[in-house]
Amino acid sequence: MSRLDLWRHRTEWPLIGVAVIFLIAYGLPIALPDLPRWVDVLSGTLMTVAWFVFAIDYVVRLSLADDKWQFVRRYWLDLLVVALPLLRPLRLLLLVKVLQRFSRTGVQRLRGRVVTYATGGTALLILTSALAITDTERGEPGATIESLGDGFWWAITTMTTVGYGDQFPVTTAGRFIAAGLMVGGIALLGVVTATLASWMVQTVEEAAEDEATATRAQVEGLAAEVRALRDELARTRDVERARADSDPR
Amino acid sequence: MSRLDLWRHRTEWPLIGVAVIFLIAYGLPIALPDLPRWVDVLSGTLMTVAWFVFAIDYVVRLSLADDKWQFVRRYWLDLLVVALPLLRPLRLLLLVKVLQRFSRTGVQRLRGRVVTYATGGTALLILTSALAITDTERGEPGATIESLGDGFWWAITTMTTVGYGDQFPVTTAGRFIAAGLMVGGIALLGVVTATLASWMVQTVEEAAEDEATATRAQVEGLAAEVRALRDELARTRDVERARADSDPR
Amino acid sequence: MSRLDLWRHRTEWPLIGVAVIFLIAYGLPIALPDLPRWVDVLSGTLMTVAWFVFAIDYVVRLSLADDKWQFVRRYWLDLLVVALPLLRPLRLLLLVKVLQRFSRTGVQRLRGRVVTYATGGTALLILTSALAITDTERGEPGATIESLGDGFWWAITTMTTVGYGDQFPVTTAGRFIAAGLMVGGIALLGVVTATLASWMVQTVEEAAEDEATATRAQVEGLAAEVRALRDELARTRDVERARADSDPR
Amino acid sequence: MSRLDLWRHRTEWPLIGVAVIFLIAYGLPIALPDLPRWVDVLSGTLMTVAWFVFAIDYVVRLSLADDKWQFVRRYWLDLLVVALPLLRPLRLLLLVKVLQRFSRTGVQRLRGRVVTYATGGTALLILTSALAITDTERGEPGATIESLGDGFWWAITTMTTVGYGDQFPVTTAGRFIAAGLMVGGIALLGVVTATLASWMVQTVEEAAEDEATATRAQVEGLAAEVRALRDELARTRDVERARADSDPR
């Protein structure tokens, strides 16, 4: 396989590890706000390191790619992940890599893959949104999301489009996070429904399948018929030949 | 049938009965809060008994299963139902057994079964959520759900993802119940849509079906043609034979 | 056609007229609360008359039906419409008859009919809910729906499952109306999606259709081939016969 | 192509330009409320001009159309766009023309076109709703939408049917805009789901496709068989002929 594939293969698990470390480093100070100063410093350092790692990975892959421009277009998300983390919440986009990788681990059947993707994506989206919104909103004037618990509750009510309104972002950054989550929620709804629908449509269609099989069987029978016919014909000719030869004179 | 199936068959209706008793024992004190002390005691006892019954049922079925590990994996919900009821609201998971059983009563056509399942599941989900949320929230500081009526109203607005926000859980337990209900709501939406979609797709497809039938008919005609052809050929040969024999010399 | 069909045919338009009159009689005092006393009296009388008309219609149809029990089961909604109007809002169920009839006016293609039904049903549902909720809520302590305009706004926000929470029912009757509307909203969502989906699936499938047609064409070609073959054979035999006859001795 | 098509082709890009100018002229004073007086005057003038341009375009196309009445029925939206702009927010309907045109730029595959349409329509709907609602609500008593930022936030929460209720229209005009947006949101949900569903159904169906192909292949084989058979037969006859001729006497 090409050197690019080789690199991807080799770096797959390490990068997931880095992403997880990043998540912990990002999430811990949000979950427990009253940690000693040095923890914040440590987590900050870890996040920067993680970001560097992903930046290097992107650059290396870009350099190994044959068609740079196509690579940039195809992996625009990776570019975003690396280019945008100046806005803190967006750094969590790094975690998308985890999903990207897991979705690649070959689950054969389409629907199976979709379900895996939807479940994983939902979990990841809720987790990251809850962290990001808490990080962004907490302590803002008029903020209703004050703890990670609130964050999770808000994320779930938003993604399911229930939206009680007991909690909602008040900052612009928080509203951007919310918008992303809502779009995710709609996509989720769509995926769930579509998966169910396609499953039902297929099951219902099996009747049609059988019909097709029937036709195919018929055609096979017909072919046999024709083969038999040809043998018959051959035999006829032999009879002829026999008479012709046994005919002296 | 195997001894496991026999056990299942024999215990089916009794277990439904137990589940219903459990529901009443759980629901009554919630519906009518000001009942005499002894009713609470009685309902508590009944619930414990019901739980024991289901625990025994699970253990027996596990012991009768050939592949224990596969049994545990397949009936993880039953395990949850038995293992988790230390958290009171979750005890209602016991009622899922009712649905499981009814869904098994053989409704032939897929869509019919799905509709039954969706309707039953929705009713059960709303009933149990309403009970559980009222049980959990009532009397909590800042709680908005104070009666079973409120509980039902909340359950419906949540499951349909309307979420006015006039009532919402404030306790952590309540929020977990809500999360489960929302997921149920999304699934419901999905099922309703999927059922409609598959119905429409199928009806629209009937045209295609007819096409297939047409083809099949043609192939049959063709087979007849070929059979006729073979007879013709046989007759030809007989003519030959006749001439050959009638040929003295 | 049977006497039942005849009755249905004859009473179709009159009943729609009655239903519309009922709607106006019901809606007018709600839209304009400060009408003189006699208008309320008139509207009340008209509603009672309309109800009687529908009751008579139901009884006549029941008496004309061959299988009474099946009729009751099939037209359970009509029975509800006639039996329940003691609860005022439910009287509006009478209007379902209008929809039932319009949906019957033969729109050929399935999707077309579905769209008509969905649009009509939505309009009817919003109109009736808005009227019923305003009628039920107005003047109640803590009610947020005080005018027909509020009613319509609430109906739309609820049916689309947006549910801002600026307005929501506070009475039990109002909450039942809301529940019905929410279910309607979900069904609407499902129908819209399903219609779109089936349309797309079908369009995408036209490729498959063409495939099928191709196969059919092939089989036709094949049949021609075989027919030709048989003629050939017939000719062969004639040659034989000719030789046999032209053979003296 | 007809003179109507020619006119359409020629005016396509100019009209898009006018629509964009209209959008800017409409949006700028809403985005930045404290602009000098002359800017308002200018934007007002530009909007009137844009409206005239579209009115003229409609009239010309109507005059070029062969069947006027059918033209009016088919392009009812254009008529609305031109006839209604007395209500300020509705003027934004003009922008629909942009979408109409982009949707026409030939993206081949159905799903591709749908995605383009949905994305474009959503963006346009949110943009115009945000502008219109801010324009309508700002400064009203009890209004919660006071800036374009609020407008966008409200538009997103509404279109995704989340509806926190932290912001909602209080004026009748605003509620009409909201109703339109909600319907748009439902349609969006439907399109997203339908697209996903049709994609999955099709992918799953490819198996069925292969079946069909198989059948077709078989039939081809069969045809070959029959052709071979006919040659055989021809050869038989030649043998006969040979014998017949080589037979003196």
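Note that the chains are named A, B, C and D in the order they appear, and that numbering of residues resets to 1 at the start of each chain.
Note that a residue touches a chain if its C-beta (ideal position, glycine included) is under 8 Å from a C-beta of that chain, and two chains touch if they have at least 3 such contacts.
Going by UniProt, the chains are A, B, C, D = Potassium channel family protein.
The shown structure was predicted, so the numbers you read here are calculated from the model rather than taken from an experiment.
S.K.: Compare the two sides of the chain A and chain D interface and say whether they are made mostly of the same residue numbers, over half shared, or of different ones.
M.R.: different
S.K.: Sharing more than half its contact pairs with A-B, counted by residue number, which one of A-C, B-D or A-D qualifies?
M.R.: A-D
S.K.: Provide the C-alpha centroid distance between chain B and chain D, rounded to the nearest whole angstrom.
M.R.: 39
S.K.: For chain C and chain D, let me know how many angstrom lie between their CA-based centres, rounded off.
M.R.: Chain C and chain D have C-alpha centres separated by 27 Å.
S.K.: Mind pulling the chain D residues that touch 2 or more other chains?
M.R.: Only 161-165, 189, 193-195, 197, 201, 205, 208, 212, 215, 219, 222, 226, 229, 233, 236, 240 qualify.
S.K.: Help me check something: in the complex, which residues belonging to chain A touch chain C?
M.R.: 161, 163-165, 193-194, 197, 201
S.K.: Please output the residues of chain C touching chain B within their complex, sorted ascending.
M.R.: 110-111, 114, 158, 161-165, 168, 172, 175, 178-179, 182-183, 185-187, 189-191, 193-195, 197-198, 201-202, 205, 208-209, 212-213, 215-216, 219-220, 222-223, 226-227, 229-230, 233-234, 236-237, 240-241, 244
S.K.: Contact residues on chain B for chain C in the complex?
M.R.: Counting only chain B, the residues touching chain C are 149, 153, 156-157, 160-166, 188-189, 192-193, 195-197, 199-201, 203-205, 208, 211-212, 214-215, 218-219, 221-222, 225-226, 228-229, 232-233, 235-236, 239-240, 243.
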